[in-house]
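Going in written order, the chains are labelled A, B, C, D, E and F, and every chain counts its residues from 1.
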Amino acid sequence: DFMNALDEVRPAFGVNEEELATCVQNGIIKYSPYINGILAEGSLFTKQVRNSEHTPLVSVLLHGPPGAGKTALAATIALNSEFPFIKLISPESMVGYNEAAKVAAISKTFNDAYKSPLNVVVVDNIERLVDWVPIGPRFSNAVLQTLMVLMRKQPPKGRRLLILATTTERSVLQQMDILDTFDAQIGVPNVSTLQELEYILTEADIYGDGQTNSEPGRGKVHSILSTLNGQTGTTDIGVGIKKILLNLETAKQDPDFDSRFVELMSRSVNDRVML
Amino acid sequence: DFMNALDEVRPAFGVNEEELATCVQNGIIKYSPYINGILAEGSLFTKQVRNSEHTPLVSVLLHGPPGAGKTALAATIALNSEFPFIKLISPESMVGYNEAAKVAAISKTFNDAYKSPLNVVVVDNIERLVDWVPIGPRFSNAVLQTLMVLMRKQPPKGRRLLILATTTERSVLQQMDILDTFDAQIGVPNVSTLQELEYILTEADIYGDGQTNSEPGRGKVHSILSTLNGQTGTTDIGVGIKKILLNLETAKQDPDFDSRFVELMSRSVNDRVML
Amino acid sequence: DFMNALDEVRPAFGVNEEELATCVQNGIIKYSPYINGILAEGSLFTKQVRNSEHTPLVSVLLHGPPGAGKTALAATIALNSEFPFIKLISPESMVGYNEAAKVAAISKTFNDAYKSPLNVVVVDNIERLVDWVPIGPRFSNAVLQTLMVLMRKQPPKGRRLLILATTTERSVLQQMDILDTFDAQIGVPNVSTLQELEYILTEADIYGDGQTNSEPGRGKVHSILSTLNGQTGTTDIGVGIKKILLNLETAKQDPDFDSRFVELMSRSVNDRVML
Amino acid sequence: DFMNALDEVRPAFGVNEEELATCVQNGIIKYSPYINGILAEGSLFTKQVRNSEHTPLVSVLLHGPPGAGKTALAATIALNSEFPFIKLISPESMVGYNEAAKVAAISKTFNDAYKSPLNVVVVDNIERLVDWVPIGPRFSNAVLQTLMVLMRKQPPKGRRLLILATTTERSVLQQMDILDTFDAQIGVPNVSTLQELEYILTEADIYGDGQTNSEPGRGKVHSILSTLNGQTGTTDIGVGIKKILLNLETAKQDPDFDSRFVELMSRSVNDRVML
Amino acid sequence: DFMNALDEVRPAFGVNEEELATCVQNGIIKYSPYINGILAEGSLFTKQVRNSEHTPLVSVLLHGPPGAGKTALAATIALNSEFPFIKLISPESMVGYNEAAKVAAISKTFNDAYKSPLNVVVVDNIERLVDWVPIGPRFSNAVLQTLMVLMRKQPPKGRRLLILATTTERSVLQQMDILDTFDAQIGVPNVSTLQELEYILTEADIYGDGQTNSEPGRGKVHSILSTLNGQTGTTDIGVGIKKILLNLETAKQDPDFDSRFVELMSRSVNDRVML
Amino acid sequence: DFMNALDEVRPAFGVNEEELATCVQNGIIKYSPYINGILAEGSLFTKQVRNSEHTPLVSVLLHGPPGAGKTALAATIALNSEFPFIKLISPESMVGYNEAAKVAAISKTFNDAYKSPLNVVVVDNIERLVDWVPIGPRFSNAVLQTLMVLMRKQPPKGRRLLILATTTERSVLQQMDILDTFDAQIGVPNVSTLQELEYILTEADIYGDGQTNSEPGRGKVHSILSTLNGQTGTTDIGVGIKKILLNLETAKQDPDFDSRFVELMSRSVNDRVML
């Protein structure tokens, strides 16, 4: 019945644009040249899969801290490829599946991909797909082995496949000997400088109607950044874009947006320090 | 059949007021500004879920020592939200379920929530839901992974979800890498000062008919507090509100309420010291 | 079929007096004020459950060395309550049950209790119920978690429940984090002084027809005690009432009761020393 | 079908003399007063079970090195009791049973015993019944727990039960906390002196037709003992009766019985030294 | 149904040339005398199996670093044998199989081989076939034991079998005591010198139409090698042929092939250094 | 169906000569008095089982390094017995069986043996039968326990049984406490001296048509031995007969037999040194 469930929710073939769009809910703010670099590297691999006859399979790992934007970037690269078959394998779509069901669902997605000429499979959040928990440690070896084999299995003649995987637990994957499996690895960083944060606040237009980029808006933003700098005593933000956007929304519930945002960001920055 | 059992006991949709009320059996005594603070923070998150389009999911963890009032406060925040769908996921409602049954029941509750526009799910006593025991240690990884994924899974378009979870084992959750999963954490403290205890005794009206707040009542209460202080040699109570209310009831069985209550409280305070 | 077996042997509702009586096969010899104290404390909790509206659930743990009389005392407190529903959950009644069957049987007993206004459930020998063995260590986490939740689960409105549990492995329960679960703990000691032993020998009327309490009887008893004292070199007996009563019976098979009893008791006392 | 197998082979009720006789294949050679002592102690417990109303259940553990004669002695005590119901629970009768089947077979034997007034159950080779292996270590906790409970479970009113268990792994049982379960423990020693060995050789009449006890026979036996003494350099034999009887038989295949027996015994004695 | 799947995809008997050809997708570039040596040794064992009556079974292990060409060489030896029955046992053909299904599929392949006079079975990637992961460590003992027995099992009278196995985890196989199982072991090295790399670039004709081997082509190749040498500071390449061929293809997507290839190779060489 | 498979392949009763003959494929070369000694000791135990009424069961363990000839010698002893029932329990005949199937197949063989008066059961390669792997370590305790019990279980009245077991992992069996189970142990050595090797080469008639034992043949053999001695720097061969015979066959594929054989033997001798 989980197979039925699977079939109901998503078309067996083709691209489920809506599902992938959900991964990029808040767009891609290009707050740093790194972000452009990641998208460029992604498009290079896309090109290689499309063009080179000798490399019908290319697999890429996007790794980085929680909330750095890994899933959003993988989904963006996938959508940019404009390949006719793009599928997402994610823990959210397999809630309640047992080990065998997960293995079957993952296999099915890859088998579907083998039937189309040009394919992208996004394998999101590997550590969660394999039910990783550091106590023990425990994980599903059946799912892990399935992924390890499928991520190296050559597609049949005439088929091409780009695999985009994401993880926050690169060192765990290393211990599992799964890193070698990837043809390339791309690091996704946290937001790290005050300038980057300024760019994000402006882009998100925190005061609305473009006011953020007006003279007074810029002043207020600078004031936010300098207060934050003072409170945290550091210019190294080290917070993921996802958390920053969440803090923005929480602060918006407060009449005094500026103070509240500084408070929330300070907490986030300090949590980072405690790591 | 556990699904049937489930359906019999609780309405599939909507709010089961009675079940939630049981969690607040003895009301909320506002013995400290902290208590008001917790309820205020809860209402802020409620507001964010209702208003912000960019954060359809907010998850909050209430953590603290045994009997501090975590469940009662979570239930109160949930009821205060007046959202049309409020559900409680608790170990008590899953006695005798095996791992698969628990996973199914939890998934079902979340799936139900995805069908209503504004929802609260209270996930009570996470360490018990995952069958945690420190020897081994052992726990149900299947239930844990299900919770980890569901607590981050975005509701479908147009649906909003507030998750309120409770635990006494925050450090265990940290070891399980599940703390990151929450957007916010709220600590629930023990009753800690003699003044707080005095407030509780008065509010509970231990001598009945408002006598506690009369001149002689206040005198007796002061005498209780000072004897307790003498016996324990500390002004730091460090006992949960739940245990204090239980001690009150046990002492009421004794004709000499005052001495018995002091004895029971001394024992509770000393047990704390031994931790 | 184990459910059938269950139903055959015991009435689903009410009190199975015979089963509980078996636990007190040799009566309660009040060889020390502690014994009275334990029964008094038990009756206080019984009273609280009957009277207090705010504490519909009280759970008490009787702990102590093997054979100290824990089960007999728990059964006695239960019978003294005169509550209409009294049930015993014991390893002996679940021989051959697998984990799921045990969980089901335990749940059923509690569910039955929730249907009657005033209830006692005796949970005998927790470490055996959870299949504890120190090698590993191993135990049934499913049974343990079921007990942990059921021992804190509030009965439905208008129902009251007193839980009396016994264990010889208090430190194991502590490691399992299950001690917090109890509202109160009562220690059951070994027989420890020669006077207590004298009281027991007299009460058991070892020479029959009341002769033990006659002049010559008392002399013989004193002689037994002083020989034992000499042989063991200690006045600290440290043997459970159960073993003492067994030694009495074994000695009775020997024409020379006195020497044989001293020999058996010496061995028992020395075994204790070796711990 | 294992239950069928069970039923075919042995009568459900009563005594299976043949099976028990197999355990004493080579009789009981009373080579030392210890052997008489063991049988006497066994008969005392038999008497207690028959006579004392307060001890309907007595359990005794026979422990000692491999091949010391534990099973033969337990079977002899059981047969001497002349109780109407005597049953043997042994690993040999449960070859190929899985855990559940073993638990069921053991429970059945005890349940059968509860239907007869006077019963003996021999529980042979506990470490093998529980599938003990020191690597891990591993064992069947289900079988172990079943035995632990059944060996303490009071028979129903009017029924009496003597349990005779055997083991070579007393220290393992101690680690398993199962030693406390027994009311008494009896050690079964190895054959240890040259005199005891002489007694055995004579009793076994190694030269046939009573010649062993003739003048020349005694001379040859003395010569064997003194050669053995010389070769091993010790008067401490430390070999089980079972191995000695096996060596006798192997030596008989050799025309030169004496030398061959000395050789085999030397090896056995030295193996002991190597422990 | 996995058996069906099996049957559909490959003919039960005979040689599946296409599947084996996929393993040698990019041919065998004889960049070093080692490569010829390996093929020669392979053909010697092929000859022995064909000719010697006393050795109907010969098993050979090809081991070496990831991407060294183990699978391609094993497939080539197998195809060169021109035996009528050649089969590949690989993890890719058993994705999603559970332990029992794997054991069955492996057994079936060997059983098929026992029906034909001259056979090769390629057992590719043993560590993956047994689901090896270093955390734990964990692996399928059932699959391992099946392989261990089948790799030593004599074929029936008149049947001959050559087994060619591959692994990157020779030390793991040693810990598993499976190395002894092989009659011979062949190491497959990485590409290690600049000369070897030059040979490969020329053979792969990186500039197309034979230009690579022209005067200017050779110049550009030398320039690539010397830049690489400069950037890595070593003449020891230490990269597998597979990775080198992949880097070639990636570089071809870049207008500036030379720089891009040097960059990719530098990274590969340095990754090696970090091991 | 595995039972069917079993029945098809071998007759349920009697001797499967062919299967046993496969174990002695290359005969028994009596290269050392040890070999004769082993066969003699085997025939002594055969005699004891046939003659002695008091020892209906004798079990013997043949242990030694891999390829020493353990299985061939056990099969030879079994065949020499000329008992009407001779069966082989081997890992090769149970490929793909799960734990329960193995236990059943082993039990069946022994049960068949109990129906015939004189029986031999060869239990080949115990460590493989129990799925032993040193990582973990892991093994099938169910199969192990079955073997432990069956190897000591007395056959029914009038039945006799000789058990011949083999292993390369004697120290593992010791850790498993299974060594005590055997009545006798026989060590099977490697080929160790140059003289023994000379004997084997002559016996195998490496130059064919008896030429090996001619003047020139003996000279060439001596030359081989002295070259080997020179290359390895030792007179201690330490290689199993099985490997030596394999090396002979491989060398025969080479026109220059002598050099190739020396090379292969050197490698084998050195591998030994590396242990």
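Quick note on the criterion: a residue touches a chain if its C-beta (ideal position, glycine included) is under 8 Å from a C-beta of that chain, and two chains touch if they have at least 3 such contacts.
Fair warning: this is a prediction, and the values are worked out from it, not measured in the lab.
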Number of hops, chain A to chain C, where each hop joins two touching chains: 2
Partner chains shared by chain B and chain E (touch criterion as defined above): A
Cα superposition of chain C on its sequence copy chain E - rotation in ° rounded to nearest 5: 180
Same or different contact residues where chain D meets its copy chain C, judged by the half mark: different
Distance from the mean Cα position of chain F to that of chain B, given in whole angstrom: 68
Interchain centroid distance [CA atoms averaged], chain A/chain E, Å: 34
Where chain B and chain D are represented by their mean Cα positions, the distance between them in whole Å: 59
Chain contact graph, described as a line, ring, star, complete graph or other shape: ring
Starting from chain A, with chain E taken as the next chain, the full ring order: A, E, F, D, C, B
List of chain F residues in touch with chain E within their complex: 22, 25-26, 66, 91-92, 95-96, 98, 128, 131, 133-136, 138, 245-246, 248-250, 252-254
Chain C to chain B touching residues, read off their complex: 44, 47-48, 51-52, 54-55, 100, 103-104, 107, 110, 137, 139, 141-142, 144-146, 148-150, 152-154, 175-177, 180, 183
